[in-house]
Amino acid sequence: MIFASDNWSGAHPAVNAALARYSEGMASAYGTSELDKAVEKRFDEIFEREVAVFFVGTGTAANSLALASVNRPGGVVLCHREAHVVEDECGAPEFFTHGARMAPVDGPDGLIDPANLKREIARFKPDFVHAGQPMAVSISQPGEAGTLYAAETIETIAAIAHERGLTLHMDGARFANGLVATGLSPAEMTWKRGVDILSFGATKNGCWCAEAIVVFDPAKATQFPYIRKRGAQLFSKTRFVAAQFMAYFDDGLWLRMAGHANRMADRLRQALAASNAAREAWPTQSNEVFAVLPKDLAARMREAGAVFHDWNAPHSMPELAGEDETLVRLVTSWSTSEEDVVRFAGFLR
Amino acid sequence: MIFASDNWSGAHPAVNAALARYSEGMASAYGTSELDKAVEKRFDEIFEREVAVFFVGTGTAANSLALASVNRPGGVVLCHREAHVVEDECGAPEFFTHGARMAPVDGPDGLIDPANLKREIARFKPDFVHAGQPMAVSISQPGEAGTLYAAETIETIAAIAHERGLTLHMDGARFANGLVATGLSPAEMTWKRGVDILSFGATKNGCWCAEAIVVFDPAKATQFPYIRKRGAQLFSKTRFVAAQFMAYFDDGLWLRMAGHANRMADRLRQALAASNAAREAWPTQSNEVFAVLPKDLAARMREAGAVFHDWNAPHSMPELAGEDETLVRLVTSWSTSEEDVVRFAGFLR
Amino acid sequence: MIFASDNWSGAHPAVNAALARYSEGMASAYGTSELDKAVEKRFDEIFEREVAVFFVGTGTAANSLALASVNRPGGVVLCHREAHVVEDECGAPEFFTHGARMAPVDGPDGLIDPANLKREIARFKPDFVHAGQPMAVSISQPGEAGTLYAAETIETIAAIAHERGLTLHMDGARFANGLVATGLSPAEMTWKRGVDILSFGATKNGCWCAEAIVVFDPAKATQFPYIRKRGAQLFSKTRFVAAQFMAYFDDGLWLRMAGHANRMADRLRQALAASNAAREAWPTQSNEVFAVLPKDLAARMREAGAVFHDWNAPHSMPELAGEDETLVRLVTSWSTSEEDVVRFAGFLR
Amino acid sequence: MIFASDNWSGAHPAVNAALARYSEGMASAYGTSELDKAVEKRFDEIFEREVAVFFVGTGTAANSLALASVNRPGGVVLCHREAHVVEDECGAPEFFTHGARMAPVDGPDGLIDPANLKREIARFKPDFVHAGQPMAVSISQPGEAGTLYAAETIETIAAIAHERGLTLHMDGARFANGLVATGLSPAEMTWKRGVDILSFGATKNGCWCAEAIVVFDPAKATQFPYIRKRGAQLFSKTRFVAAQFMAYFDDGLWLRMAGHANRMADRLRQALAASNAAREAWPTQSNEVFAVLPKDLAARMREAGAVFHDWNAPHSMPELAGEDETLVRLVTSWSTSEEDVVRFAGFLR
């Protein structure tokens, strides 16, 4: 009953097979092989336009280098107060941007409220050097709370950002889960709604280590190769990332894996809804479930082998869990077994 | 006839097999799985002492984070004028150290001359804030020119460094090739001779992406987990690196692969020695051969399918290649075929 | 009627006289002259203990280098949501710390609420690398809202910080105003209550350019000379800063100047209290007055020559100023004339 | 007999008088006062064109921010091997540029040899990400060895730089001394010969603390205000710098002060030429004299009250001083007394 994180799962057999297949022979290094180029083309197809794609090794690298590439001196990134870039990357975005500030924007369910965003941006007067200069808005889809922005909300946020000349960045560590959950196309969930740069994650969804930065306007990516190399993220044998992506996209494997994860999460959600002992903390919309459990129930589940993490309550809901309760996160993945979910659900009854 | 770089080779089948084997089931993330721990133990055994090991994704990351972990404000790293950390990492060491200076030390054949090192360090007066403070010496074994330090020279360099309180870092991107070529044990080539921190590379020698930083005194590595995470180098599914190392060390695979590469380089060396048309630029000692070729011969070889890179002459030998000549680098790897070497040698006759 | 900022005032004649007096002859540079040492001794006397003092050129430099000197990789500084280090230094603290995060803590009247501080710190689990590591708490005295911490509150905050091994930094850009207002001694307002490092400002209070970082435990400042020089803050002719401090401290000039500024602010406060048109936004406690004015009154005052800045409402009070109102800041200084205050007060009636 | 450095001298009385004069009344802060603007206009006049001027507090800040403003990811600055930006700023240029590399170029007498510069730049192949990207050439006028570039050499260097799209930066810490020595106009010594950005120093030549960055094409300086503020170099009471510059430029005071310093250095040069005991290390061309002295003579002079610094021999002349000799630097300033020079010369006889 492992619900600790989707990165506790391994790689899909098709990913391993691709690695084995492409390991033969010599291929030019540093992103210049035929395979690298074929995968870049796959990205063009998936996003229905020419894009610039840069492979990196971690989601933290994707977010940090994406933001670094659009930074300005004294730059400020507006993001949700509990965004992953703020709370879970050990300051990497600040480090790679040489100190851009992650300015918190509040909003319910882990999502930026456009009205709050507008107000926060308005605090920055043009040419007022002391406050620094806003340079980007960063949203996650799905967000750190597993919830989703509607396409229209993305569009609204993009409009607010663009009005002030800010880049809109999307952290898509669980991009496939977001696609399946919303039913949107990759293009519809991103650039068609105003997203400028995307952290495209595949690691959590059945790969070993396959993350990419997608810049929707390639003309804006001319300095990126230097930013990536200086950031120690240019793999030599890039075909090992490319091979994973090849398998990932083939025959829709990525969407099938994400679909399974989402369904397993929905099962957990149903179990919570039916439970008298526990409850959802907020709506479950992708492959993460946040639940408030009685502490003794959580302890019993852990004794029985369940693995899941306690979670900090949002700043806006410090009293979310009562004194005898605990807020926990349950994550499902492509390899979560239905059996485990059923067993876990049993405890909730 | 691919001699462009050892990172043009793929991964050894045993590495792929390990990836497949360890991809099953759930395992805790971020370096905490059983497999991660087993590999850490393997490092202890290989180095005959308890060490602290940190997996990262690239050799550039290994060097940069290693140096960052021992940096001081205004820090200066003494290294060979043509060291990889200076000439081939796009400023990553400077970036991750927040601006440590890579101070060039001259020496023949790509190796630091201890007398020069001593003189360079002596330029820094204690407590003279303007010059900055030396904080590390960085050597490569084998070096950027494919040559090797004798164990005694490492010891001499370590003594010079330690006398002034400097850390001795070794860039071991081709560590196995150095081991096989010198016949030294891992311990004898490093900490027993005074090396404090090592960039341990396996990617070039038959892995996909497996690099590690080895800190010989674990007590000095307490901040390293934060340095690595902030540096965007903490993989989530670390077992994918661990699995590669497992296969790499098993049954001495790593040394066998390096031995093959070194032998292939030696064949090229012999062909050069016998050639009237071309010549070695300096002694071939591991798996890299530097040759001065007539430009028209180089062109003919490339037309015939040979792939190799032109190389900048050392600063100390600007006239190394004549006007009609070119300095080139030939690199062999675990997967270099003897047939290719023989064919290439034919051109040199 | 200039109430824009205390840095619109010039330097006190005694400061200029000291500059003239000490400009003669040669004196050793970079902080080593007799005068520099004499001033350092004055700091020891003022703080009733041996301290390490470092002159710098701006308050931003003082805060940024102070925080840089205690930073750790992935470091987090807890400070008030509207702290000067967050809102008014263009990201300099983040820049000089290589990306430390300024984590906002809420509290009324521009002051950190210790209970909130405790809760924020508790979000960071020990050894949980993802969140980064808290490394300092930074408070301002007086704060960005012109209000003051009681000595007991400083002590409480220090205890919370020290329990988790965090440094307590105080931004004392208006330190003298705080001293006069609270009646505390320099020692009582700082290290006797647990402050570890202080940004000591004199520029706003009658100097030209005289800021210092005071480290209460000199043993912790051994790397500071390098941090300052690398930060481009080591003046060559340091006696020009020392001379200003000499005059500043002589015969209690600094406290007299701050006392005047505070009295002038109190007059403004009284005028607001008596006004039907305008009101204090929160209590006036030092030399800054925050007032909510009808927009048309503010416009009329400005037409009549008054200069003052509009101010962003605190995040916790977005509706502080009504639609036809504006929140403004009025700052008094050593050179604010009583006549101007009386004239300004006239408008409020 | 103080020849330690020109920063051991104080400020000229006219500078102090200006400070006193402009200290009265209120003036808008952060570079927006009438006086600030008047001084900016003076710079336009002096350089015979519209320029963008930014005051900063130290020469290190001027160089570091100037280079930061033109940096690119993985940026490389080509400069003389013994340049001040390399050897005397504690890594500040690397720090403020987030790790740009200062790549050494050799040349006699502390001056870059254009042929060497060309060769160094040629090592960087376009779009070869590993080596980083050259972004600027930095020269000093006068150089760290007190010698001078001819206007034609500046032009040659500028042409080499511009051909590859590199900015030409001039470190003018002793700009006035260079002007007087060469007889060139400010325009002729800079932008008319291709200099793009200048560190304009006045501190060493009779001011307290007055440095400026001059960007000859103001359109390239749009981000500079943020770079300066983030770099903690935006003084609040900027009129204190402006006042110094006002006095400095008035009636040619700056050139008269520099002229005196240069003449005093020339006297020292003559004394060395006439000496049997000591010799010039290389030609004296501005206000710095480098001499090789017998160690015992140096000791006797110091006993008699002379103050001067030992100096590191250039890398290209490690044997410049014999075993019983020492290389020293003698610096004269606007306040060096002729009497001291005569007395010092006596020792050399």
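Just so it is clear, A, B, C and D label the chains in written order, and each chain counts residues from 1 on its own.
Heads up, the rule we're going with is that contacts are C-beta pairs under 8 Å (C-beta built on N, C-alpha and C of every residue); 3 or more make two chains touch, one makes a residue touch a chain.
The UniProt protein names, listed by chain, are A, B, C, D = L-threonine aldolase.
Note that the structure is a prediction, hence the values are computed from the model and not measured.
Shared contacts of chain C (L-threonine aldolase) and chain D (L-threonine aldolase), meaning chains that touch the two of them, come down to A, B. The interface at C-D recurs elsewhere; of B-D, B-C or A-B, the pair that shares more than half of its residue-numbered contact pairs is A-B. Centre-to-centre spacing of chain A (L-threonine aldolase) and chain D (L-threonine aldolase) amounts to 50 Å, using the average Cα coordinate of each chain.
Look at where the CA atoms of chain A (L-threonine aldolase) average out and do the same for chain B (L-threonine aldolase): the two points lie 34 Å apart. With each centre defined as the average position of its C-alpha atoms, the distance from chain A (L-threonine aldolase) to chain C (L-threonine aldolase) rounds to 40 Å. Residue positions of chain D (L-threonine aldolase) touching 2 or more other chains: 30, 73-74, 89-92, 95-96, 98-99, 129-130, 132, 226, 229-230, 234. Contacts from chain C (L-threonine aldolase) toward chain D (L-threonine aldolase) in the complex involve residues 2, 4-5, 7-13, 15-16, 19-20, 22-30, 56-61, 64-65, 89-92, 95-96, 203-204, 208-209, 226, 229-237, 239-240, 335.
On the side of chain A (L-threonine aldolase), the complex with chain C (L-threonine aldolase) involves touching residues 73-76, 86-102, 104, 119, 123, 129-132, 312, 318. Interface of chain D (L-threonine aldolase) with chain A (L-threonine aldolase) (complex): residues 30, 72-74, 98-99, 127, 129-130, 132-133, 223, 225-227, 229-230, 234.
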